[in-house]
Each structure stands twice: as structure tokens, then as C-alpha cells.
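Shared chain: subunit A. Partners: subunit B in the first complex, subunit C in the second.
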Partner chain A sequence: MANRIQINKEFVDIMPQDYLDLVENGTFESPNRGWKDFGTATELIAEHSLCAGCPESIAFRHIMASIPNPEDTVMVGSTGCTSLVFPMIAVHNIHSLFGNQNAIATGLKRALAVRFPDRVKDVIVLAGDGATVDIGLDMTLQSWFRKERFTTICFDNELYANTGGQESGLMQKGFLAKMAPVGKRFDKVRLPEIARESGCDYVAIMTASKPSLVEKVIKQAVLIAREVGPTYIQIYTPCILEIGKQSMEGLQEMRTSEAPGERFKFREFISPEAQSFLDGLAEKKKAEKIAATT
Partner chain B sequence: MATQTDSRVPQIGQRNKKGQLVTDPNELFFLSPRTPSFLTGSEVIREAIRRASVDFSVAYPITPQSEASSLVGELYAEGYVGDYMRGESEFAVMGECAGAAFAGARVFTTTAGPGTLRAFENFPMWAGSRLPIQVVFTVRGVNSPLTIQPDTLEIAFMLETGMLLWHAESAQDLFDFMLKGYYVAEQPEVHLPIGVICDGFFVTHTKDMVMMTPEDRTLPHYDPYRSPVVCMDMEVPPVRMMRDPFVMKSNYISYMTHASWQLEIRAAIERSRKHTIPLLDGLIEVENSDAEIMLVASGTAVSQAREAIRLFRDKGVRVGLVKIKTLRPFPTEEIRKATEHAKHIFVPEFNVAGWLAREIKSTIDRNHRVVAGPHVAGGMTMPPEIIVEEIEKHMAHRRNKELVHG
Partner chain C sequence: MYNVAEVNAEACVAQKGCRLCIMYCPEANCIQLDTQKMKAVIVESRCKGCELCVVVCDAAKHNAIKMVAR
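Let's look at the complex of A and B:
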């Protein structure tokens, strides 16, 4: 089991069972951790206070199962529904203000690099579309221009969910919402394209319907951010409450929205530098496999 | 675990990669030899940072502190500062500083006037998150109309942010306050951000003689594991927790949680006194406390008050002085005691609002004794003659009143 995540023997009898489970049955330092651990290992995210059936909770769970080195990962959130989940997560995470998440992550990543020059410390930002694209857009883009080495994940529910369904920049044109009383007048902001042009080495747009795809994308994004440059993932996490769906309809909503020609059809951009890094990883893996079988 | 005993972090008695001897703070402040240097305030900021083992600094160009920020950049290029960057706006800069402080770094930045106000949302967040960041405010006018001139109005906005606020009179104060500020702000029972304030241009752009500690001695590194709150570096157990979580439920417990944390921030400010008093030789400095007329001031207004006292002395009038060094904690008891014999208390200020006079009026008894003024603003200077004139005018008015009503 894990070496770094341990428990002081003196405290075993007073620590909550949940923490003992995390140490004994968690997936810290597990080289092949992923969504397949569900049901057999203690998850980094145990429970949440989001609405029943909220696709954001599904996406969150898949992401937490997929990050490659949770024992050396610090996350940065922002204000919104995600900040109701962060207190239940078993990695260090920061909430400070609304929209400044990429500025916080910049200082965090750089200071960790100063303090731990010989160690890997991953930083992952996870925030909603209001924080990423509206109030925090300046800091989102500037961190990419500067090629800051961390991953930005945007939970795109195409509106301000936590405050009750107001118009956001990622909302579709024509959508009728609070603060868009006659329908939104301009197009959904094309942040994935902007991310590519702003210096991101890896960009993906997707839904959270397929756990294996979420896992692959998250692992690639974190590793590329560690070695090459900034990465951006935009995941459709529909607010079923605000679009008039039932608790059990979230998954179907994601599937419908990722069909060919739809706005969340899976697309990814990989820079040449990131591609050659991924090729190197694949070759290394292949060599290890051959070595193991011979 | 990367603690202070980590071999990468030089301990007291060892040398850092620049060859500086890591020195016990009290030894550095009081026992190490001091040599005079003739420097601008901006250069003083650079020299203090050179001796402060700073891990991370963020710069943003604003008048009048851009020179200091650039000079800190030169220190980074020389290898004295761990990392350094130009941020995109003051709001973002203070976020970048916060991120680094959450990660356990000693952080420095500086701003002024409109930059302070643009960054404003961050300051109560820093205090609430217990981040001992140091920012030097080289105060100047707040728009509009546009001015880049010295003015202390922005301090009024900073008073209730939960930060420690020290106001330097001179370049010497600035140098000492910056080094001592880190020491006090990082004490586990304090652990709050600190604003070291100096008056823009009057201090930053004029040259002054400063007694400097040796260039080859530096403060011990910040130890994030002495922090009263968890350092966000995944080096301590990852329980399911969030630093500074929301308390936005509508029930009494959540109101109480928020209220008690705010009280704790204010209590931490008060707890800084016992560390600050021996380092700064008190939160105030007093001259002629038996005088009937007292001048109470902070920043460069103190220097002007000293000159006014000299002019009065030439006229045979004895006038006293209270120099306020720390605005937070506010030296309430000290000022009460120092002004208890005064019949007239004048508060000269470089701003139109008279916030310092208001602070004093709200803390001393018989506060009809307080005269808010003289005031200058928008970059105007305050010749000592103005202070003399204000006092003489007031005293003549009082005498006339006594004659009429006597």
C-alpha cells in the first residue's frame, strides 16, 4: 500500500474510520489508478451535497479517480456548485475568491516548484463556466499566455447554476434564462479554440458520459501540464435543475449533446510538443510490456 | 517531508546559495553591524528583500512603486529571490501571491493607490486565510481626477481588512519595518498579512541615509509547518477538508462560525503587539508628553510635525509629539496615556478625509481636544509652517471665544 500516505500509530484509535479507510484502502500512489477502482477501493471523493443525479458529481468522481498522482496533487476551485464538493475531497484544495482560480494556481504551482525542485507537484484547477469564462477569463487566458504548468478543467453547465440559472458566456445563443429575458443574444464563447490559440498544449471538449474517456483525457492533460505546458478540458455537466430535466436524465442529456454534429462532440487538440511527449510515453509503456513478457 | 530541517533549506548559522549567512532575527536586527547607505526608498525596498529570504514575488507596474518591483526582479536575476513574475493586474497579482503563500512560500509584492483598490477583494481573503504575505503600499492618490501624487487616503480603505498595518516615517523605518514585519507576521499566534506603508514619492523617490544590516546576512526561511493552518502542499495528511470552507448555510451555527473567525483575526492582530513592541521599541514614540499641545501623526506627517515642533521651540512654545508606528494594531492605550495631559491634540494628515483624527477621536476620552488637521491632499506638500499656522489659528480662536464668553 501507499508509503507516503500513512497514519501515526498513536492516532489509529482516534482517527475516523473514513480516514483509516483512505490510508488502508485508498488509491494514493497506485500506478494504475482509474475509474475501475470504483467499488473496490476507497474513493478520494466520498459523498457530495449536490442535487440528486447531478452530472457534475459524476464528472467530479471520474476526475478524482483518474488524476495520476493524488498524493502530490493540489487542487484549486472557485465559487459555485463545485465548491460544495471540495470540502469532501481527500487532496489539499483551495477556495479563495470567485474567478481568481488561475491566478491562485499560478502562484501555487510556482511556489511548489521553488520548495520542491526535485519532486513532482501537480496543480489542477476545477471551476465552473462563470468562473472560467466570465469573471475569471482574464486570469484564465493570462495563465495560458505565460505557459503556466497546470491543468484547467471547466465544468460547463452553460449557466450560473449555484445562483439560480443566470446567463453565462458559455450559454447557447437564444437560451431563455434569468438575465437573458428575451434569450441570450450572442454565441456560446468558443473557449476551446481560444485555449488552443492562447498557448495550451492540450485541449479537450467532452461530456462526462464515458468514464474511460474522462480517465484518458485527465491523465493526458495532467501529464502534459507537468512536462510540456498548460492544458484545458471543458466538460459538459448539465444543470438538470435549470434545463428542466429529472434526476435520472443527466446521462442521456450528456449522450445527446455529444452526438455527431452536436456542441459537445468529443474533440481534442494536441500540440506537436505534447504529441511527441505522448508518443514517448507510449513507447516507454510498450518497452516495459515487452520486458515484462520476455 | 520537506520541513525546515530539509537539507535544501539553510538553517541559522548556514549559508544560502548566495553565500549569505542565515542569521537569527534578533541578532540581525539588533546586534549585526550597521553601515550607512545613501539610497532612494525604492532601493531600500530592494535591499530589505535581499536580506529577507523571499521565495516568491509578483510585480505589476504602477507609479510610484514600479521601480521597486523592477529592482526586486533584478534580485531574482541575481538569485536572491526564489521565483518572480509580472502579473496581469493587481487583482491577479494578489491572487498569485495568495497561491504561493498557500503553498508555503514567503511572498512579497508592492502596490499603490488605484492598484490597492483594484486588488482590494484579496486583502480580507488573505487575512481570513491566514496568509502572512508582505505588501508595501507606497501610498498615492486615489482617482478621480487622475493623480499619481502622494496622498494617504488609501490607508483608510485598508484599516478593516484584518491585515497588520505599519506606517513608515522614513526610509530607515521602511527598511526596518520590512524585515521585522516578516518576523511578526509569521509568528504562529499572529500569522496574518502585513502591509508596510510608506508615503509615495516622499519616501520612495527621495534619497536618505539608511543604516543597513550587512548584505551577506539574511533572515531564516519561512517555515510553513509552524503555520496555525494547513499548508496546501500535500505534505501533511490529506483528510477530507478544505481550507477556509464556505459557511453560507442559513443557520445560527454558520453565522457564529463566520463571526468567531472574524473575531479571531482581530484577536491575532492584538496578539502581534507582544512581538512588535520589543522590535519597534513600542507602537508609538513620544516627545514632550507633558506639553499642553500635542501633535499626533503617522508616516511623513511625523517628520513635518517634528519640524513644526522645532519652529515652536524657537518661539518659546513647548509642543509634544506622538508618532504612530502601527495603525493595526492601533495603539489605543498608548495614545490615551501619551495625550492624557494634553489640552489640544492636532492631527496633521496627507489626505482629505482625516481618517487618523477619526481613529483617535473614537479611542480617547475628552475627544473635543482633537483637532483634525491640517490636511493637505492630492500631492500637496505640508510645510511645517502650515502646521504652526493651523495651531496658532486654533489657539487664537479659542482665546477670542474665551474673551467673548469668559
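Let's look at the complex of A and C:
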């Protein structure tokens, strides 16, 4: 299967430079891809139109560098700031109707299993908190109840940033936003706990402030979704415009929110089946390492 | 006028393994590693001027990046 990503020789002279860079210097089919490729290899995301200093684009970069099998991955997006980035990534992707992303991913995953029975195909859902928790909660939960084997990533910015700052289900209690002037009266929806109870085999809540941690979590989530069951990751990507920060303050905001006792302190839940699968993977890796050194 | 980041190659410590600015830049393929000189290089046409690289570089006390007007 090696070297599947190539350019037809007849077309080399008319292909855009970005495309040539991706094929020659990209990280497709690299078994150990990760954030360490930054700076030397061409990334699978380019020239997106998000704001300067947007933490969401940091998270997007880390995720695109970490997905284990980009040439065989299909990402499903939804309406929101993420839909500004999807046209700029070098992975197959589908833009769904607002909130419909997990239903589309379900059909896609099943169709891919029928169409390519002998090939590993990953499906990753990436949507904002409005699509995951408010508008698409039905589809999100139902896909977990059915144990559909794909990864759901939620970019949690705690409000509807794209439309001017309305209240969302994941907003913290008492928070004042531009279009929610009286403050939120209810608690932040505890989706990670709901995900655990709904049948997810791996759940993580985190921020995008540590690329090594994002890489580890994304790889685990995609591999568990491939073999065991549904996985859910909630990443805090604050909207610096809506919470009144400067472009260079997004990273500090994420670090503050993941301090001990804060709402985005790193937590993960791994089901017993997923844990035994991960243990098996670690043992295999260890054996390979020993075989390589002797 | 538009602000972009500029790396002072003498102060940059990428040869010691530092990748802070490359790691935290929100723009893809914007800060590259010059593998010959082992220094960080800014691709100015992709820089949106958010100053995150300045923040992480200064926090690590390297002070190798500053914003310049273009």
C-alpha cells in the first residue's frame, strides 16, 4: 500500500505549488506523524481564514498533525468557525447541515465499511459546541447509543462566536456575552459525563495548550474508535474576540482554564475494553522496540 | 501598515531543540525551521501578526522574536 499519494506525471506542470509541496513534503503515510513534523514538513492545513491568534486554529493544527491515517480519513464538519477551515485542509471532508454531523458520519462510516471492506477507514467528526450540544444533541447522543465507531471532537468555545456571542449549552453559569446580557442562568452542560454514560469508550476533556497531549489523545481516540467503540473529545478553544482578549492572550486563557480545579482540567475516561485494547497496543510497541534494538 | 513577526537569528535557540514558536503559531506553515542553520524563519506572507510567538518566546526568556511593520 506504500506510496499511494502520488501525482500523475502528465499533470505535474499544471498542479499548484501547494499541492506539489503536500505530495513531496507532506506527512501522508508517515507512521510516526505528530506535532514534531511542524516546521519541517508541509502541514495538512494551509492559509485558513480564522482570526489572528485564534486558539481554534492552534487546536486545528495540532489535530491535523496527529490523526494517524490522514490518507484514509474522512472528516465531517458542521456550521460554525470550523467550516471556514474545512475547505483549507488536505483531508477528505463533508460539510453537514447544522447539527447533523453525527448522523452523516454514521452513514458514512457504514458505507465506507461496505465499499472498502479490506481497508481501514477512519471517520472523525469535528464541530463546535453549538452543533454538538445544542442543535445536534439528538444526533450526537443517538450515535453514541448505537455505539457507532467514529471519533467526535467538540471545539468548545462556550458560546456562538460566529453569530455575535449568543448563549450556548456549554457556556458557564453566570457568563455575560454580547448577545446574552443577563448572564446564563443554568450550569454548563456536563457532556463528558453524559458521553461516558451514553456508551463512549473513551472520553477526554482538555485544552489545546499542549501539542503532545493533544497528539496522544487524538491518536488514542481514533484508534479506539476504529476497534472498540465511539469516542468523544472536548477541547477548549476560547473565542478571544467574544471574551474580550487580545490576539496574543488565547494561549494564556487556555492555560488558566486548565489549572487544577478549573473547568477544563485534563480528565479522561477509558472503558475497560478500551483500556485492554490500549494495553495491547503498548505491548506490541514495546515488542517492536526490543526487536529493533536487538 | 501591517505588523509581522521577525526572528533574530542570533538569539534564536532552535539548534538546542526549542520549537516553541513553531508549536504555538496558529497559522499553518508560517514559522518554518531552517534545517541548515537550525533557526526559526517566518514566512511573512502567512503571518497575521497575532504576537503569540513573541509571547511564548519571551516567556521562555529567549527574546528572539519581535514585531516589525511592513
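Some notes on this structure:
Heads up, the rule we're going with is that the second predicted complex is superposed on the first by the 290 of 294 C-alpha atoms of A that agree within 3 Å, B and C clash if a C-alpha of one lies under 4 Å from a C-alpha of the other, contacts with A are read in each partner's own complex, and residues count from 1 in each chain.
Here is the rule we go by: contacts are C-beta pairs under 8 Å (C-beta built on N, C-alpha and C of every residue); 3 or more make two chains touch, one makes a residue touch a chain.
None of these values were measured; they are calculated from a predicted model.
Steric overlap between subunit B and subunit C is absent once the structures are superposed on subunit A; the two fit side by side.
Once the two complexes are laid over each other on the shared chain, residue contacts for A:Trp35 go to subunit C alone; subunit B is not touched.
Judged by the touch definition given at the top, the superposed model places A:Ala131 against neither subunit B nor subunit C. Shared-chain residue A:Ser57: touches subunit C; no touch with subunit B. In the overlay built on the shared chain, the residue A:Ala46 is in contact with subunit B and with subunit C. Vertex at the C-alpha centre of subunit A, arms toward the centres of subunit B and subunit C: the angle is 130 degrees, rounded to a multiple of 10. Contacts of A:Met248 after superposition: subunit C is touched, whereas subunit B is not reached. Of the two partner chains placed around the shared chain by superposition, neither subunit B nor subunit C is touched by A:Val217.
Of the two partner chains placed by the overlay, neither subunit B nor subunit C lies in contact with A:Ala225. After superposing the two complexes on chain A, the shortest C-alpha to C-alpha distance between subunit B and subunit C comes to 13 Å. Comparing the two complexes, residues 46 of subunit A contact subunit B in one case and subunit C in the other.
By the touch rule above, subunit B contacts subunit A in their complex via residues 2, 8, 55-56, 58, 82-83, 85, 87-89, 91-93, 95-105, 107, 121-122, 125, 129, 230, 232-234, 237-246. Note for the complex: subunit C touches subunit A at residues 19, 22-29, 31-33, 35, 40, 46, 48-52, 54-56.
Contact residues of subunit A toward subunit B in the complex are 5, 7, 18-19, 22, 28, 46, 70-74, 76, 83-84, 86-97, 100, 103-117, 119, 121, 138-139, 142, 146. Note for the complex: subunit A touches subunit C at residues 35-36, 38-40, 42-43, 45-48, 50-55, 57-58, 61, 64, 211, 246-252.
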